[in-house]
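Dropping a structure here in structure tokens format, bear with me for questions.
Going by the order they are written in, the chains are A, B, C, D, E and F; count residues from 1 in each one.
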Amino acid sequence: DFMAAFNEIKPALGAAEEDLDALTRNGLIHYGAGFQQLITNGHSLIHQLKTSQRTDSLSVLLEGPPGTGKTALAAHIAQFSEFPFVKVISTTHMVGYGEISKCNLIRKVFDDAYKSPFSVIVLDDLERIIEYVHLGPRFSNPLLQTLLTLVRAPPPKGKKLLILATTSQLDVLESMDLAAQFNATITVPQLSKTAGDVEKVLEHMAVRYSSDTEAAGVLQALPLRIPIKTLQLVVEMAQAVGEQDGQAGLTEDAVRQALRTCGCDAER
Amino acid sequence: DFMAAFNEIKPALGAAEEDLDALTRNGLIHYGAGFQQLITNGHSLIHQLKTSQRTDSLSVLLEGPPGTGKTALAAHIAQFSEFPFVKVISTTHMVGYGEISKCNLIRKVFDDAYKSPFSVIVLDDLERIIEYVHLGPRFSNPLLQTLLTLVRAPPPKGKKLLILATTSQLDVLESMDLAAQFNATITVPQLSKTAGDVEKVLEHMAVRYSSDTEAAGVLQALPLRIPIKTLQLVVEMAQAVGEQDGQAGLTEDAVRQALRTCGCDAER
Amino acid sequence: DFMAAFNEIKPALGAAEEDLDALTRNGLIHYGAGFQQLITNGHSLIHQLKTSQRTDSLSVLLEGPPGTGKTALAAHIAQFSEFPFVKVISTTHMVGYGEISKCNLIRKVFDDAYKSPFSVIVLDDLERIIEYVHLGPRFSNPLLQTLLTLVRAPPPKGKKLLILATTSQLDVLESMDLAAQFNATITVPQLSKTAGDVEKVLEHMAVRYSSDTEAAGVLQALPLRIPIKTLQLVVEMAQAVGEQDGQAGLTEDAVRQALRTCGCDAER
Amino acid sequence: DFMAAFNEIKPALGAAEEDLDALTRNGLIHYGAGFQQLITNGHSLIHQLKTSQRTDSLSVLLEGPPGTGKTALAAHIAQFSEFPFVKVISTTHMVGYGEISKCNLIRKVFDDAYKSPFSVIVLDDLERIIEYVHLGPRFSNPLLQTLLTLVRAPPPKGKKLLILATTSQLDVLESMDLAAQFNATITVPQLSKTAGDVEKVLEHMAVRYSSDTEAAGVLQALPLRIPIKTLQLVVEMAQAVGEQDGQAGLTEDAVRQALRTCGCDAER
Amino acid sequence: DFMAAFNEIKPALGAAEEDLDALTRNGLIHYGAGFQQLITNGHSLIHQLKTSQRTDSLSVLLEGPPGTGKTALAAHIAQFSEFPFVKVISTTHMVGYGEISKCNLIRKVFDDAYKSPFSVIVLDDLERIIEYVHLGPRFSNPLLQTLLTLVRAPPPKGKKLLILATTSQLDVLESMDLAAQFNATITVPQLSKTAGDVEKVLEHMAVRYSSDTEAAGVLQALPLRIPIKTLQLVVEMAQAVGEQDGQAGLTEDAVRQALRTCGCDAER
Amino acid sequence: DFMAAFNEIKPALGAAEEDLDALTRNGLIHYGAGFQQLITNGHSLIHQLKTSQRTDSLSVLLEGPPGTGKTALAAHIAQFSEFPFVKVISTTHMVGYGEISKCNLIRKVFDDAYKSPFSVIVLDDLERIIEYVHLGPRFSNPLLQTLLTLVRAPPPKGKKLLILATTSQLDVLESMDLAAQFNATITVPQLSKTAGDVEKVLEHMAVRYSSDTEAAGVLQALPLRIPIKTLQLVVEMAQAVGEQDGQAGLTEDAVRQALRTCGCDAER
């Protein structure tokens, strides 16, 4: 059956480990119950795809505010699948390409995936791939149509395909009918200070404070909800400000200044 | 007469069986009276085209919400016709093509069909073929004009042509005058829980429940109206969630979670 | 004089009889006084063009709802003229052409017509030729400008040209100043039940009813105004539905179902 | 001086008589005081250009409702000037050309004109030349910019250039700043029934009436203001209708029907 | 120092005298205090550029209603500078060029100017150069971006560049941020009747009147504010009208008619 | 570690000193506390990038009104970093390039930077680079998408990249989601008269006044807030005006006139 075939073929093809490595360079912090739920959800979808008799492709959309870890999570699920074919599609390697070249590049990735019995395709930052900009709004219709078609196209008989996509502008994808093409949608949230997520991440980063009062002040200064990527940047920026001033550890003032510089002072 | 010619020519040409096979891979479930009416309707149109002295082409639009089985139904009618020439036009095999290439590809299919005494052309997902997107809105006018012309163009003298098209955005086609070009429009509805459609499909899928209470709960959890494709996906997703949790059969909780993940929790 | 020349030249060139034949394949039904007036009007314009000393071209726009017989009427007038050069311009043979190719094709037809002493050019479905679509709205400005110019361009000295155009969207042509370029506009109406048009057409089609009650019911079911093409389609569709049910003749029920399938149940 | 040079050079170059001939084929009818004023105005501008020491180019815009005789008047003034270089720019000979080809063609005419000591360029139907259409609105900006520049460009030292342009959409040209580039604007009006213009034209056309009552009725049926071109067409159309009915002369009924067919029944 | 270098280099390069000659063909009339102020202003900017240690380029925008003498004034200042490199950029010699060709032509002029120690570039009619039209509005963004960049680009070390631009649509340039790129803006006004400007210009033109009453009437007929170019045209046109009527000198009637023909009767 | 590597590599590559030299030609004036804070901020970000274990790129946006010294400040920070690779991207050297050429040029700079262990890229005037214009608005989406991608693309493993960008239209960048891609945003303000900034700059410029009263008057005439570049231009312009009038030093009148000519009289 499928599972037997799965275990046999894998070594022969080899996964695109490097791509995933770059995206997961900084590792995941297991910060709480919400995080655990995200992981379980992802694993369950992989189980479904592997075992189903009638579903030969699943498309999953990871959505949430900027910096909440959508890309890292997609990379984690892709790695967890242990599928022999894994490919990341992002605009980083398509700068300066025309619309049609991009369409064909994307199509090529799908054509390649169709040749492997089990494949994962990661579509990172969908709104960037379709060249969306709110002013106008403008976007590339050829790229959008390519995605609208490929996200729901069935793979050839006997092949299984997992599509993982990320976006921080779900409403945009909805207005283009692109979100509706996905079989599943998972929301990745910001860290919550009240749920203790923030403290767990600070702990995991091994932050040193110049005093206990400052430690309390730092936590006080941080907003109620903050994306994990922003928190990490703010801490580092505040540390640099402190070091410039000759401070031994993190201070509330430095954190407040860093939040301002990051444009994170007024909660948006 | 026509019917005699029809019976003679068929073996000589051979239908594009593979295309239809892919579209009807999972078979049709005979779920109730509404379904029967759709089938009868389709068969009657084929009868009209075969026997008429003055009508040499008929164009039929199958419309309804996403996932209600329009494509499967079109494939079924095409197969039922036993016409020697059957061709499916969909965007799956046109990804990355320019507008003009697509126009010519479509035109080519019609030119080929015109050579056979009896032909069926399936135009799957009209809004996708014309590259429509609500944001803007944008679409390809060359492709639209091509369809506006070909859907009502008469085949050469002595040829008969059936055009079957599908859409889940009838209002869009109406705003473009494309719907009006069709001779007939058939609406494909969602499954109705009250009419017993949902129960019949679950039965046909041979779903096992972890208990009788859960069986009742599952039915309770499902919305009043649900597309057949969505129902099948939700059941499978819930089964995978259950299996992850070590559950023997389907539970209400797993179904509710699957409905949420599919974006089907709040009836749209 | 002109009439003498006219009678001499005709045999030498030969009219494009095939094109007209296709358009008049199903013949005209002489359904009443309104129809007679249309015919007289057309003949009078031909007389004017043939005999005038100062008018060397006349352009006539046939407008009216879809399916009322505009194209058939244009073809009839063209045939009646007995002009040696007759050419039909429609999009059927231009599918997939670019705007500029279409412009040049149209221009070529006019250039050819200018070589014959008496010519008719039929421009079928003007809104389709200019690639108009209400959504936007969009259209081809090169094609529009080509028509705006050619419809009022004088033929070379000594040549006579009749331009017959059809449209079911007069308001669109007016908004583009295209309607205003024509010397004459003739409105082709729907059949009127009260004027007895519908009964005359049904009679001419030799429709059989399953009973006298059904005959009355059929007439009752038909709308007050219906395009001649729609009436013919509905009758045929209802006949097929009946035959499927094993009915000997036309029934009211079958007609009502056919009207629904044709989208003609609610008067638009 | 200039006038001496003018008289010498003329025979050497020869005017483009044929172009003007086509435009003035049907001759001018001297219908009244208003017409005389238009002629005087035109002649005075030619006098100014011929004699001025500092003005080396004059651009004149003839504007008015469709069919009032703007083109015929421009052709008349051009002929009256007796300038050795006369060229008409209209879209009739540019059908199917691209924007840039048209720009270069226009530029070429100006370059040629600059080589003659005295030149006239007629720009017929400016809104057509710039491919204007109200729906949108759309127009060719390259062509507009070409005209905006050339209409006010000074000819080379020692050359004199008269630019005569016509339009029936002055407001459009004003919205594009094109009207403002002209040195002078002359309005060409419709014929006025009250001023006796209409009767003079009918007289000049030698119209025969079937009776004196009909003669009065015809005048009664005609609108208060009518373009000269429309009046001529209506009369001819009514004559043909009458002849079809076997009428000896013009009747009020035939005129009313012709006005309707011409879309002239309700004063716009 | 700079001034020494300036005096040495000039003869070696030679200014583009012809271009300026064409623009100043008709000479400047010293019509009053306002005019004197404009001249002083221009001279002061040249002094600043010549003597400054830190400013190596100055960009000046001459703006005002059509026909007020902006182009003539720019040409005058350019000539007054006695800079060895002077170049006029206007659309007259770019008719039919594409956007990119125009951009490169403009860039070429700047590149050439950068090779001379002292240069003047005149950008005549900025709104025309960027192909602006109010309807839309439309304009060429490549040309706009070219100007936005070049107007504020610093010349190479040791070079001095004066940019003189003209426009009669300051508000347009402001809406495109182009006006803001200029270091200085000078407004060129219409002639004022109350300030005696009009009388001075008429005097300078040596106008003859048919009588003293007419002389007074002419002044009476002229509007309170009139562009100098319009005044000169109106006088000449009125003279021609008079001569046609056999009048010895200028009359009020002729002036009123000329104002009407010029579209100057109602003050805009 | 990184810092050791940093000190070793620098001499080998050599910074693009010339580019920075041009931008810092006129030097920085240390005008007050606000200025000092800007400098400290910039230095701290460089410290963070140099020492961080997990951050390999930082992107900083310098925003503020026109002429406040953003470009000069970016050049100063780039120089201060002492990174071996420094490159300035501005439109000055891209005039007349097409969108795609510009994209590839920008991409090339990033590719080059990725080869150096420590790099600085200055993106001067972001709104100009993306060809933005408020009227429309219009901009180049290919260029915008290029920046949206590159500003947040991670450099290759082991490389450090500092991106410094300037803009005077922060709101525009925000409406395009471009501002949000930057890790830090620094606001560069106008000089404040009340904070003594203006006086310090005048002092530093060694301005001479024609009298003490005039000195006071000059300060009085200047607006409360003025960009440093504008202040320097106004002073120079006023000096030239004075010299034309034979004035020894700066006067209030000359300053007021210069403010008017610079369009700085009414505070915007």
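Definition applied: a residue touches a chain if its C-beta (ideal position, glycine included) is under 8 Å from a C-beta of that chain, and two chains touch if they have at least 3 such contacts.
Everything numeric here is computed off the predicted structure, so don't read it as measured data.
Looking at the partners of chain A and chain B together, they share no chain.
Number of steps on the shortest path from chain B to chain E, with steps defined by chain touch: 3. Homomeric contact chain D/chain E is classed as different-residue, with under half of its interface positions used by both copies. The rotation that brings the Cα trace of chain A onto that of chain F spans 60°, given to the nearest 5.
Centre-to-centre spacing of chain B and chain F amounts to 59 Å, using the average Cα coordinate of each chain. Multi-chain contact residues, meaning those touching two or more other chains, do not occur anywhere in chain B. Taken as a contact graph, with one node per protein chain and an edge wherever two chains touch, the assembly forms a single closed ring in which every chain touches exactly two others. Order of chains around the touching ring, counted from chain A in the direction of chain B, is A, B, C, D, E, F.
Considering their complex, residues 22, 25-26, 66, 91-92, 94-96, 98, 128, 131, 133-135, 138, 232-233, 236-237, 239-241, 243-244, 261-263 of chain E touch chain D. The residues of chain F lying in touch with chain A in their complex are 40-41, 43-45, 47-48, 51-52, 54-55, 100, 103-104, 107, 110, 137, 139, 141-142, 144-146, 148-150, 153-154, 157, 175-177, 179-180, 183-186.
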